[in-house]
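What follows is a pair of complexes built around chain A, which joins chain B in one and chain C in the other.
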Partner chain A sequence: MSESLWQRLTGDVPRRALLALGGLLLLLLAAPFLLRLAPAGDYWLSLLILVVYFSYIGQAWNIMMGFAGQLSLGHALYLGLGGYVAAALYVNLGIGPWLGVFIAVAAAMLAGGLIGFLGFRFSLAGVYFALLTIAFAEFTRILFDHFTWVGGSGGLFLKVEADGSAFNLQGSPLLFYYVILALAAGAFVLCRFLLTSRLGHYWLAVREDPEAAQAAGIAVLRTKMLAVLISAGLTAVGGVWSAFYYKSLFPEAAFAMGRSIEVTLAPIIGGLGTLFGPILGSALLVGLGDLFTTLAEILANDYGVKAAGLKQIGYGIALLLIVMFRRDGVWPWLARRLGFERRPADDAGEGRP
Partner chain B sequence: MSGAHLAVRSIGKRFRGLRAVSDVTFDVPAGAIHALIGPNGAGKTTCFNMIAGVFAPDSGTIALDDRPIAGLRPDQICASGIGRTFQIVKPFMGLTVEDNVTIGALARTRHVPEAREAARRLLRDLGLDDRRAKLAANLTLPDRKRLEVARALATGPRLLLLDEVMAGLRPTETDQMVAFLKDLNARTGITILLIEHVMRAVMALSQHIVVLHHGEKIAEGTPHDVTRDPAVLEVYLGQEDASSPPRSGGGGRRPEGEAT
Partner chain C sequence: MSADPGQFVLTLLQAVAMGLLTGMVYGLMALGLSVIFGVMRVVNFAHGEMMVVGMYLAWLAFDRLGLDPLVSLPAVAAALFVFGYVLQRTVINPFIGLPEHMQFMLLLAVAILLVNACLAIFGPDTHGVQVDYMFDSFNVGPLVLDAVRVYAALVALLIAGLLWLFFTRTRSGKAIRAAADNHVGALVVGLDVKRLYALTFGVGAACVGAAGALMLLIVQVHPFLAIDYTLLAFVIVIVGGLGSMSGALAGGLLIGVSEAVAGVLLQPSLKSVFSFGLLILVLLLRPQGLLARRS
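This part shows the complex of A and B:
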């Protein structure tokens, strides 16, 4: 069986979808230079950074929920843990983030492994498993509030250093943009690779029907454990990036419930279990958020209307409408429109029916 | 692929004090086709679930080719050579027909294209070839039953457990399934144990029948003997009651009836 990696990854993908993907990648690579020509280019770049960041962590969360069908509402734990470990190693011990990231990933995988084992070994499913993930994120937050080595509730700060460079992940937004873009592209390829592997097929089987999956020879516990381990590890890398990008960490923000929810939105809006869902979803979310912020500003400045909460309400209604009218997410619908489906005359996607 | 010998010895199972199965013993020799019949609630599916590892028997032993398998997990049972279907079919609804069977075939190879190739062969054999790109959720019930059989076979079993795969099929579809299973058995020598209410299929397929009632084995033998066994007739047709006039034939459930 000689099958090249390229063939394996692109085998049943329509040519036009591949070309579009290549075009998107080129566009994203050139984006900072194109945005420089636009007015307020720095602002647009900061939005684009958010889009890519949320698509990366959305991709990581999607492995658990979209592929393996395990609902985690505590991914802030892995983000926060990853960020805290790498930042504390750097601030307290002088260990750089490129080395620290490995320890951060190990820590998050340990936490994910513990949660996964407790949940899956004792057959917690659905919302009960989700509650377990929330509980772990919450008590890690409380733990870090009192953990003085990392600053406790007062927070942990990364100083802007004179000799800051890419080696200690300090620099301009441009650096952070390309780092997160590389991560997102890597995660995209990795997810595609996993989906074409035996493990990927096993995840889908477990998602669809664990009992039938087990009867078909699948070690369900191990399959779920691999999903949570890989997802936690990838998420922790995003946490490290985020900590060094924002340069400050507070337990109540790093492990916040809201942060966990934020992780889940892009893949849900974009399409659970699809590779493009998290990307499209985060573009929509960041775009909508900015739209309503701008609207609120215009109302306040030009018309003197102080519409407090307009942003949140508008954002909420927009999400509601998307979820109501595109229950499987926007991507499966858009993919059909664009003719990007795997096989023509086929009602299958990689997502849910 | 060849058949394996299943030896079930005095297995028993209680659910909260209710005796679902007690002291059931039977053999399915390598390459044979046997049937497990009995009224609803007789403990047939409980027996299946113990053989397939869904739960361990409280007592007794189960062996496949002399290797004890009682108490193993379902995936370990599958790896040891037993494939099963579910009474209430459980296809992976959101996946394509081909992916459903490919997943089964991955039990034997970790190479996905190889598994896909094996899946396509099986789908051709079962006449599902033209539906392989469909989602399992969009299949009709008879096709879902065929898909269950294909997925179970894809795992490369030496013993196939079929839990009411004929229920809900039309007579012609039943005959097709019977022909397929007979041919499969003749070609590969695979051992088959089926739970079935459709007597048309039981009579056409099985060389030997085990009858369960209230969790106990009340008879076993050839189809000819079993259908004439007084204990079996009593279970299916009801006990002759001296105080009431003899039935004129239409009252009880006959083994020949296609119970649903």
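This part shows the complex of A and C:
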């Protein structure tokens, strides 16, 4: 069984790609210890944590958009809901995050299921569906602003406790790094598994042509619902992680439109519908963000050029150039360069044709 | 809340009147989005950012030259027309007909650039204009209407009328509508569709620029308004019918009124609950009306 599963997951992947993947995983596992040797290692670790976090939630979002073709611009809803549920259960009722995460996931899946059902039942697609997801996220943001049990607009805070440990998800950045790395690796394998499954092929069929998929006998509504449920559930886990990592939640930030957009950046820049897209995309974006922060600091300190927004202008230009010249994302182009293309026998894999 | 029901009704009527006036400006803003989408099927995710650029240009004209936003409005609209025209020609044109997420990402990058350019140039503080009629008002029956809102609404209506004339009476306007109705047909009869698209984006940008200049009479500008206006414009055009000009104006009035009334009935911080609730209802209950406009 395990061998056939292994076969199924890796069957058509070139050996060099598998080796590179194994190398990357080893590198990421060892990274905190390697970074300790570098100057400002803590800072680099915090950046790496961000990269892994964004690649995880990007992977979750990608299931909906990249696999099933449903554009969600409201994923902050699932992040915020997940974070708020687990944090409120912990702060108000003393229920730990390892149990709370299941309730958080259930809540997010319920929300995702509701939005998905309402939207898909009426065959809402593209920008119309995207706006529905935004509207629900904004709606929830305003409700949480007035929801005093979770602190309202004043925010919800997780105290740093003396007896904090991995059991209540408190500890050093190292703990959070390995937790999010495990999640990201798990999501990667899960997505690969889903793509090779019958459901994965249904998703691609629905993405490419919903009417043809319907005609071929695929239960389109059910197929789309599964995408939104899985995506919302996985995203909520990221929300729980993020709530306990940052230790504070505000409706204005947790459910912000900007946060929803952040989720979409890495997979689109990296390569929609690909497994490596979200990883490469988040590495690129976090890297660029840091580069422009440093450049803005240099400008301010050495040249006396000080202005808010300079960093984001650089970021915006970089984003514009990537979108204009790598429309399908950076990964499909890089994969061709590296010779990680799928074996020609298989044509039902990930990625847009 | 007042115990006197007559007083309450008056307060409500007052809010409705204010909402209608502000709603006209909202409508003009949404008109720009609707025109661009209706012709090119491009969803302008940088719309609120363009609105804020219009507001800043009007503020600049007031601050440096002492010009009333109503006076600088044609220049602001012209500046945004040029911006929109050039942006379409250089950046957006290759993305016409591509999947929505690519257009979204492209215009998101444009939005990030615009809003942060405003932030870098003008800083995060709010800026407003002080016109000498800012405290004037008109009494219409028992209602008191702010002069600034009345002027802004009238000018917005005038511009919408001009736009209607442009699309129904001029060669270019008719050609744009032809290209929107039948892209291939327009190419076959020899229309320069690329130029028409750039013209359309310019016209849409000019609309939102003009709306920005008008809005500056009513609210103060800061860079972070942009995303709210983008969302607001989307809500309005969806409620009114994406791609429909009269729908955008009607949607603007409806959202303007619903915000104002919600401000009276609920806490002010809950005012957008009405708009988003309306959006969700329209998306769910009248999807056939919305989807009928899609090609």
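Heads up, the rule we're going with is that the second predicted complex is superposed on the first by the 343 of 353 C-alpha atoms of A that agree within 3 Å, B and C clash if a C-alpha of one lies under 4 Å from a C-alpha of the other, contacts with A are read in each partner's own complex, and residues count from 1 in each chain.
Just so it is clear, contacts are C-beta pairs under 8 Å (C-beta built on N, C-alpha and C of every residue); 3 or more make two chains touch, one makes a residue touch a chain.
Predicted model, so just to flag it, every value in this text is computed and none were measured.
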Taking the superposition as given, does A:315 touch the first partner, chain B, the second, chain C, both, or neither? second
Which partner does A:42 contact after superposing on A: first (chain B), second (chain C), both, neither? neither
For A:215, decide between first (touching chain B), second (touching chain C), both and neither. first
Which holds for A:257: it touches chain B only (first), chain C only (second), both, or neither? second
Considering only touches as defined above, state whether A:269 meets chain B (first), chain C (second), both or neither. second
On the superposed three-chain arrangement, identify whether chain B or chain C touches more chain A residues. C
Both chain B and chain C touch chain A; at which residues? none
Residue ranges of chain A touching chain B (in the complex, touch as defined): 1, 3, 196-198, 201-202, 204-205, 207-209, 211-220, 343, 345-348, 351-353
Could you list, by residue number, the parts of chain C that touch chain A in their complex? 43, 91, 94, 98, 100-102, 104-106, 108-110, 112-113, 115-121, 123-124, 223, 227, 231, 234-235, 238, 242, 267, 269-270, 272-273, 276-277, 279-280, 283-284, 287, 290-291
Considering the complex alone, what residue numbers of chain A touch chain C? 65, 71, 73, 118-119, 122-124, 126-128, 130-132, 134-136, 138-139, 142, 145-146, 153, 257-258, 261, 264-265, 268-269, 272, 307-310, 312-313, 315-317, 319-320, 323-324, 327
Considering the complex alone, what residue numbers of chain B touch chain A? 52, 54, 73-75, 78-79, 84, 86, 90-96, 99, 102-104, 106-107, 110-115, 133-135, 137-138, 151-152, 154-155
